[in-house]
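In what follows, chain A forms one complex with chain B and a second complex with chain C.
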Partner chain A sequence: MNTQDKLLIPLHVSYIQSLGNSKDDLAYHLTAHLRMNAIYWGLTAMCIMGHKNALDREEMIEYVMSCWDEEAGGFGAHPDHDAHILSTLSAIQILVTQDALDRLDVDRVVGCDAFGEIDTRFLYIAANALSLLGRLDAINTDRAVSYIRQCRNFDGGYGAVAGAESHAAQVFVCVAALAILDRLDEVDTEMLCWWLAERQLPSGGLNGRPEKLPDVCYSFWVLSALSILNKISWIDGEKLIGFILSAQDPETGGIADRQGDMVDVFHTHFGVAGLSLLGYPGLVDLDPVYCMPASIIEAKGLRKGWKALPRQPAAE
Partner chain B sequence: MTPTSPSEYELLVSLLTKCPQTIEVLPGDGSIWTPAQNPGDIKSHSEPSLAPFLFVEGNLGIPQKVLYKLYLHAVSVFKSARSCVPTRPTIMVQRNHDLDASLIRILADSSSILLLANPSHQTALNARKHLVRMHLIDPHAELCFTSSLLSSQHCAKHAELWYHRRWLLSAAYDANLLAIAGVDSFGPIRFASGEALRQELQLVSRACELYPRNYFAWTHRLICMRSLLSDYLTGIDIVGFIPILRNEIAGIKQWIDHHVSDYSAVHTILGLSQAVFQSGDSFLMGIIIEENLLDHAISLVQGYPSHEALWMYTRIAISISDSQQAQQIQMFIDRFVQPFVQLQCSKTGVEEDLVKVSQYARQLLNKRGISQGQYKQLYIISQ
Partner chain C sequence: MHNVKRVPHSQEAIQARKERERSRIVEYLALTNNVLSRKKTHDWSRDAFDQTQQLLELNPEFYTIWNYRRNIILNGIFPQSTPEENNDLLANELSMTMAALREHPKVYWIWNHRRWCLENVPDGPVVDGTPSLQWRKANWQRELAVVEKMLDADARNFLAWNYRRYVLASMPEQRPVMTELAYTTRKISASFSNFSAWHQRSKVYSSLWNTGELDPIGSREKEFDLVHNALFTDPDDQSAWIYHRWLIGSGENEEQLRQEIAIIEELLGEQPDSKWCMDSLVYYCRLLLKNHVPDSEDIKQKCHDLLQLLERIDAPRKMRYQEIGQGM
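Here is the complex of A and B:
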């Protein structure tokens, strides 16, 4: 097996560029319900690698606006799909990153699922999207915090709904939502960071729950929570960098969940995001709360007190 | 791409309405399963007229190639039906009487194929919810359909399907809730009978076998049990809660015995115990105490010390133990935990597995120091 020792930026850029090419095949139709998210993942990874302009801005904005659902006041993932809070956040993040929020009728955007699904993900999405739009006052902070409190477990972690098992991705959404709402005092930092640090396996990779396999996407979920709580040094950063790099495909570009598996844009984005938080040389800073380029969040005055590892100097 | 034969599409739709007990996607085009081609190799008892599908004693087999071909067909059928039928709640309710029956059929049929191939297709689920809400799909039939999907390996772990099922379970048995369009949260989950609950728990168990440590299936189980508990405490007891609670605790203990790396099961038994303790009902609490989770955790971790899930089980069981168990805990720590802690200090070059166990052992001691009070607080105080 070949082990990579550096991030293959040009290959990943061309991999992400190639993604929109085939609109007729089965894979395109099987993933249409995630199209908007996929564009956000691709764009953010490009920004972090310093190649934002490698994707066509106008075409992207046109696509986003073609998914706008005037009646629902939200975005679908694809023009043939219903508006959903998940794709609405991705659409807003894309428009903010592309500095095109003027295309959006902010007053029409409402963050509510018509069928009453409750999930801590949706709470984070609402907090993230509304704060990007400057409308955080639309959230009832006490109610939101009280629901997150109900999702806290014995191990200090958080689950998807009240009573559900702790899960690293749900820990991220809860901790980031609390950061946006300025209520990090809710977190049992000591106990939660223990649990997060225990996600690291001998391979250096992180899992999302006890005794699961390591997966590149947890490099972001676990690291972002640790970074928001200023405990990123509790895991072995060098070993994790090695794990993420080993999951690259040196021929096609892109990053997989782990070495040898098929790459996809989701893992490519979260792998690059993890590397940015770990101070990997040559990358742009990522804001772990919003999972967007840090400079954009800073410019909006939304930066919280997170800490990533210092950017390493580029190797000779 | 070969054109889709209408009969295959209709045949699959009709097989799905028969509520298959299990659904399996078969690799390739399924030809090795066709009795006519290989009569000697594999004895299929499926009706030849159902080819290319297999349907044997309620178990449905679908060749992957056929499924994907039908999926692409369903994408375009669904798209055109959806553009004719407004699928948003307000409009749909208004136009309830105008809807063309054949259009409803097309929407229901195509969405069933979409979900079979792509269980996270939220728009297809939304369309079906609208049809249920308008009494155009029977909620019981929809429960059967989701239970067929969740008995299929590639669907069993999809959160969207479990949410859809809970939406049905909370609305389907409650005429009032069903009538209110746009309810902003789920009502309580109710089961019509003990038998209905038994089937629900069986569905969850199957989904957890199909996909180990199935997060959303275990969460569903816990939500069902908490819902029953809260009904019981307010005097509603359709299913006979006390024997169910006993079976559940004993059953999950047995599950953990056979799946020692399954922290989801450990979380469920602890979460259920927590809910019972928070209720303050001394009879129910007695059932949990009788089952002695501390004993269970300690004996398992001694048998399988390399499993993180069991160490976490033990940590939490210790933190919620009562003072009568103090001696047992001290003995466990002195005789079992301490030797592992010291192992790390005294030897170098020990194998990786032992290093790991030694770490778990040290964490157990550390956690015991810092958080015993906190655990207890979390456990007892109502949220």
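Here is the complex of A and C:
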């Protein structure tokens, strides 16, 4: 067993740095359709660990701009891949984090069709991206809110589409979208936070739906919603910290879905994000609505009334 | 990556794997570049179509290639084919994606491609001089069997459940809603902890009550029997407790509320440490206070006592119990 009691920051930094140097790995090429998201995950995790400069800024911005799809007015996941709303949000988040939004023709992005497929994830993405671009006015708030309302279930949670089962990741996108649209009055806070608090299992980890296994990524989906609704205290933060730390790979760095599994940048990012919201010492504050460094969102005047746990003092 | 065990590899083993992968990477990248450059020149040929299949078999998550494949079908193949040929082609797409789905049951793009295929199936041949819906009906019917197979393999796959609701809503020949109720009964009997099936059941009942197909009062009574059976079988399983809350709803029926409180108290007598019994009792007693007996000191006291116990036996959530107690 290799239960750690500390976040292995230097190892995670070098793990994320090494991701771009795996071109002799077949898996690297088979995941090109996730590259833009992966860069956003890696960059955000670096920022939260206080190592933003460990990734080359110019190279990153150049890569992002090379994924611009002129025909569609959005970003693909990789050069020559079709533009998609998932990679477009990641691209905008990277440019905002790197303070390089001036490279982008904002009017072109706002005009692109954001509602091809229906899913509450896409609604959140549109709200997040447009508010980062200062163009939230392009969203019809009443229509968006009424769709989210249709996706609400009796347990207070939300599904991907109307009729779908509540799922912690969909709860995050709906609650965060409502926060961006200043419509948190839509949420049945007591019911939803009861359902969210019951996601914590005896191991300290969180699952995404009743009677499922715990997984580090839910540390973020569940915690962010609790934090936006100011109810993080309804679960045991210390036990969750222990669960996230136990999923680290103490040899090569990175965080997995749970102890003993293969690590990836997705779980590394969401593990670090969860730890930040839990007040883990030495980390930078994360904004749970945008899942970006809090200071950047604050500087743009977009901070909502969420509450994380207070930052713990560093141990000697 | 989910559920993939970490196995320690020596440097030699890693090098050997990379050695083995080298030629596959070269082939994969060559195929990718070839297909992407054909896409750029709007190549809608059969040859390009076949190449997209090759590439998607290697990587079913390559959404750009699914898009390209659909564009080839729309711009290159459909305009030159008869409706019958189009139907055959889409049937072929559906069986090809079935193989991919078995291996990758949670890849959104594969499910999306099936949706697109189904929505583009032509109606059917002309039979005795009148147009028929033969092809569409057959394909949607088959699709329901496919999604059932997927739910047999993983009864909690939420993409499959969402897809099931989509198929049921889109079938050209609608099935009676009662059939779906029977399906959820089967799923729940196979496993009481299948909350996805309980959830589906709540939606099916709502629809049956709304259309007047079922009497909300009588059917609810019967439904409580099923839930009690699940609660008494495994009082630690969340699924039936959450569903029970749905069944009670806003608690306007005082008799029912009191009856359910009595039954849960009976279960608590058998299982004195059951957190779900206590938490549910607090919730239902608060509904009783809110809707029927706002001044009952006895019930308030009962809630406070239970909340104190809960703080002890369910410490991770103690702040929640404290807040509820303070709010009363």
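As a convention for this text, the second predicted complex is superposed on the first by the 309 of 316 C-alpha atoms of A that agree within 3 Å, B and C clash if a C-alpha of one lies under 4 Å from a C-alpha of the other, contacts with A are read in each partner's own complex, and residues count from 1 in each chain.
Just so it is clear, contacts are C-beta pairs under 8 Å (C-beta built on N, C-alpha and C of every residue); 3 or more make two chains touch, one makes a residue touch a chain.
What you see is a predicted model, and the numbers here were worked out from it, not measured in a lab.
Asks: For the overlay on chain A, clash or fit between chain B and chain C?
Replies: clash
Asks: On the A-aligned overlay, A:Pro313 touches which partner chain: chain B = first, chain C = second, or both, or neither?
Replies: neither
Asks: Output check: A:Leu26 vs chain B and chain C. Expected answer is one of first, second, both, neither. What do you get?
Replies: Both chain B and chain C are touched by A:Leu26.
Asks: Based on the superposed arrangement, let me know which partner A:Gly301 touches: chain B (first), chain C (second), both, or neither?
Replies: In the superposition, A:Gly301 touches no partner, neither chain B nor chain C.
Asks: Per the contact definition in the header, classify A:Asp188: touching chain B only (first), chain C only (second), both, or neither.
Replies: first
Asks: A:Ile118 in the overlay: touching chain B, chain C, both, or neither? Say first, second, both or neither.
Replies: first
Asks: Between chain B and chain C, whom does A:Glu71 touch in the aligned arrangement: first, second, both, or neither?
Replies: first
Asks: Name the chain, either chain B or chain C, that contacts more residues of chain A.
Replies: The partner making contact with more of chain A's residues is C.
Asks: Taking the superposition on A as described, I'd like to know which of chain B and chain C A:Gln150 touches: first, second, both or neither.
Replies: Touch status of A:Gln150: first partner only.
Asks: Taking the superposition as given, does A:Ser233 touch the first partner, chain B, the second, chain C, both, or neither?
Replies: Only chain C; A:Ser233 stays clear of chain B.
Asks: Jot down the residues of chain A that show up as touching in both complexes, chain B in one and chain C in the other.
Replies: Common interface on chain A, chain B vs chain C: 26, 29-30, 33, 76, 80-82, 84, 117, 153-155, 159-161, 163-167, 194, 198, 209-212.
Asks: In the complex of these two chains, what residues of chain A are touching chain C?
Replies: Those residues of chain A that touch chain C are 24-26, 29-34, 76, 80-82, 84, 117, 153-155, 159-161, 163-167, 193-195, 197-198, 200, 204, 209-212, 215, 231, 233-236, 239, 249, 251, 256-257, 260-264, 266-267.
Asks: Can you tell me which positions in chain B touch chain A when the two form their complex?
Replies: 68, 71-72, 75, 79, 82, 87-89, 117-118, 120-123, 126, 129, 159, 163, 167, 182-186, 213, 215-216, 218-219, 222-223, 226, 261-264, 267-268, 270-271, 274-275, 307-309, 312, 316, 319, 352, 356, 363, 367, 370-371, 374-375, 378-379, 383
Asks: Along chain C, where are the residues that touch chain A in the complex?
Replies: Touch list, chain C to chain A: 1-6, 8, 18, 21-22, 24-25, 28-29, 32, 36, 39-40, 58-59, 61-64, 67, 112, 156, 158, 161-162, 165, 193-196, 199-200, 202-203, 237-239, 242, 245-246, 249, 315-317, 319-320, 323.
Asks: Help me check something: in the complex, which residues belonging to chain A touch chain B?
Replies: Residues in contact with chain B: 26, 29-30, 33, 71-72, 76, 80-82, 84, 112, 114-119, 149-150, 152-155, 159-167, 188, 190-191, 194, 198, 202, 209-212.
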